[in-house]
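Report on one structure; see the data block that follows.
Order of writing sets the labels: A, B, C, D, E and F. Residues in every chain begin at 1.
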Amino acid sequence: MATCGLIEYDHASSEVRAVYNDIMATRGTDWINNFWKALAHDPPALRRTWQSVKEIMAPGALDPLVKEMIYVAVSVTNQCGYCIASHTAAARKAGMTDAMFAEVMAVVGMANESNRLASGYQVEIDDRFKTP
Amino acid sequence: MATCGLIEYDHASSEVRAVYNDIMATRGTDWINNFWKALAHDPPALRRTWQSVKEIMAPGALDPLVKEMIYVAVSVTNQCGYCIASHTAAARKAGMTDAMFAEVMAVVGMANESNRLASGYQVEIDDRFKTP
Amino acid sequence: MATCGLIEYDHASSEVRAVYNDIMATRGTDWINNFWKALAHDPPALRRTWQSVKEIMAPGALDPLVKEMIYVAVSVTNQCGYCIASHTAAARKAGMTDAMFAEVMAVVGMANESNRLASGYQVEIDDRFKTP
Amino acid sequence: MATCGLIEYDHASSEVRAVYNDIMATRGTDWINNFWKALAHDPPALRRTWQSVKEIMAPGALDPLVKEMIYVAVSVTNQCGYCIASHTAAARKAGMTDAMFAEVMAVVGMANESNRLASGYQVEIDDRFKTP
Amino acid sequence: MATCGLIEYDHASSEVRAVYNDIMATRGTDWINNFWKALAHDPPALRRTWQSVKEIMAPGALDPLVKEMIYVAVSVTNQCGYCIASHTAAARKAGMTDAMFAEVMAVVGMANESNRLASGYQVEIDDRFKTP
Amino acid sequence: MATCGLIEYDHASSEVRAVYNDIMATRGTDWINNFWKALAHDPPALRRTWQSVKEIMAPGALDPLVKEMIYVAVSVTNQCGYCIASHTAAARKAGMTDAMFAEVMAVVGMANESNRLASGYQVEIDDRFKTP
């Protein structure tokens, strides 16, 4: 189980409930996933992390689907089981099809391979790729 | 310098030149970046890697810009200097604006943070996130 | 189960028992955790690793609690499930409170985020940070 | 050079200057390091990241020196050159001696080793380490 | 369960069956492990990945046992549970003894430790190690 | 430059010189590379790390060339510039040819790719791969 346990809505302080309410309202859902319930043991961290996630994942120059797929790509690269499961679900909800998922995986696999080939062969950065 | 040095077009075998030619034709450029010149010491790896990159990065369910941004996200997570430089350049060429780049970075930063919070708090995967 | 199984005290050679005894005496406990029982299949590695851990984790310029929290921070960054569980328990035994744990997690999350922002934005090291 | 260049104080917007001023006031310094100047191309990210760093690194259940050493430990584990240089400097300013630095390095090295031994030997988590 | 489920031989398309048949023939086995069954949802990725694995893991300048042990070393460093289990099994089948496994683990542990000591102490590359 | 500078033989204590002498004698060389000179600021760490490296890298069930190639594989996966350079040189000295190097790189690249495909597709470990 989570290191400090999970704080359910019914047992949460009003400070924590306010964040839970905003998460559910923003996402249009009626439940809170375990990540937030575990983090709720540190209310300032809960508030700060949620505010950052809310701000970062909102539509902007990139749409939410692209952002969720990038989130999946990072989580897969880091091999974080929880985040792979939760953000694959979030990306699907945002419109990711099976075909899109397969292409994300292919790019992630290829990038992880070529990152090591570049480092292993000690390839120097081309002048054209350097910022002037 | 690269571990085995770089193989320039003029000194390349016809097998290597064929790959170089396909890279330039596919990308609509007249030059080859160092990654391929370093890998050219292993012609089967050069051919295989290029074929995979060409196939994976082609337009599909995702457009090339999204794929390049995912490539950047993985390279940044792995902290591969060469790939960050080369794929940031490639993503810009594919249409990534400064605003898009900033959003990619924000998502990558956030995902790297929450991956560790999830692992550190030992959060269990919610049943709803499990594939049935 | 562990790749080569676990070697219990009753079935251990005298060489392995000597290490087990020193672990229990040093830690003031009457049991051995699975890590050592798995490693016991390679007695020189068992002895060498325990000697290093014993020497490194002893009180010095840093007290054992700080050392255990650093151990947790590294294990969370690497996302090693076993070490997160075992060293969170060890840090608690050394005096880590829930509030301290939450602060360790917050720093680990932030550092993992800013590490990628620094790499992704290709930030050059300031002259003032360079060792003269 | 940094991907989007560095924004110096004299050329910064009032929004960015406000953050720069708060960084200098909080740290008791008269300069801004490159990390913030690179991030300033995305003012909301600059503000958000600084607010998080300021909140997380403030004295709490852990003192600032311990927090800076944990920051170094994570940056070394991730092998982020910029953050290793900048947070080693910050930790020294907060009171880290050479002897403390050496002990941080020793713990970081050992943890990175044992993380892999635990994973490689596929060691199962002991029941005693599981949260009830 | 796997994100998109597993495709069993009996329900596979002829394109997927052709790859499955080649895997079994090349490995001299009569079964397919889950990795391929999960990847089969993306037939081009299945074909491409298998072709690369088949080409890379074939006897060459290095024999298959050495290659499998390197595969284990990378998987342990990345802490990928599936690949540690599957490639430890593959390495054993290729002739890896318990003593060899223990030595692989010892080298992997040591390299993970010294990688961080080198980065943490910000050690500059010796001129003699640079490629001329 | 290295965080605490480099300790040259002529300025080293007798305790440090003893380790330097053993490194040179064991390796049949007349110089010390920067890694050890940086670590020499912490003599117990210098001694402990050298003793472990000496013991682990000695001929055993695996020959030194295989061990050096595994060391390279881990260093490339972690993207440690110093260790890639130093252990590629060490592996060459131990007999690694360009063809062997290229095969190590190919396996490292492939393993880094498939590690992420396995994690990303959330593939469950086959029963046959589990240790009984």
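We adopt the following convention: contacts are C-beta pairs under 8 Å (C-beta built on N, C-alpha and C of every residue); 3 or more make two chains touch, one makes a residue touch a chain.
None of the values given here were measured: they were computed from a predicted structure.
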item: Subunit F reached from subunit C - shortest hop count over touching chains; value: 1
item: Option in B-D, C-F or A-F whose residue-number contact pairs overlap D-E by over half; value: A-F
item: Chain separated most widely from subunit A, comparing mean CA positions; value: F
item: Farthest-lying chain, centroid of Cα atoms versus that of subunit E; value: D
item: Same-residue or different-residue interface between subunit B and subunit F, half as cut-off; value: different
item: Inter-chain centre distance, subunit A versus subunit B - centres from mean C-alpha coordinates, in Å; value: 20
item: Whole-Å separation of chain centres (CA-atom averages), subunit C against subunit E; value: 27
item: Chain centre separation in whole Å, for subunit C relative to subunit B (CA means); value: 34
item: Residues of subunit A engaged with two or more neighbouring chains; value: 1-4, 45, 49, 52, 77-81, 85, 88, 102, 104-106, 108-110, 112-117, 119-122, 130-131
item: Subunit E to subunit B touching residues, read off their complex; value: 1-5, 44, 48, 51-52, 55, 130-132
item: Sites on subunit C touched by subunit D in the complex; value: 1-4, 31, 33-35, 38-39, 45, 49, 52-53, 56-57, 60-62, 66-67, 69-71, 73-75, 77-78, 80-83, 85-89, 97, 99-100, 102-104, 106-108, 110-126, 128-130
item: Subunit E-facing residues of subunit D, complex; value: 72, 76-77, 79, 81, 84-85, 88, 104-105, 108-110, 112-117, 119-122
item: Residue numbers on subunit E that touch subunit A, as the complex places them; value: 3-4, 41-42, 45, 49, 78-80, 131
item: Subunit C - residues contacting subunit A, complex; value: 79, 88, 98, 101-102, 105-106, 109, 122
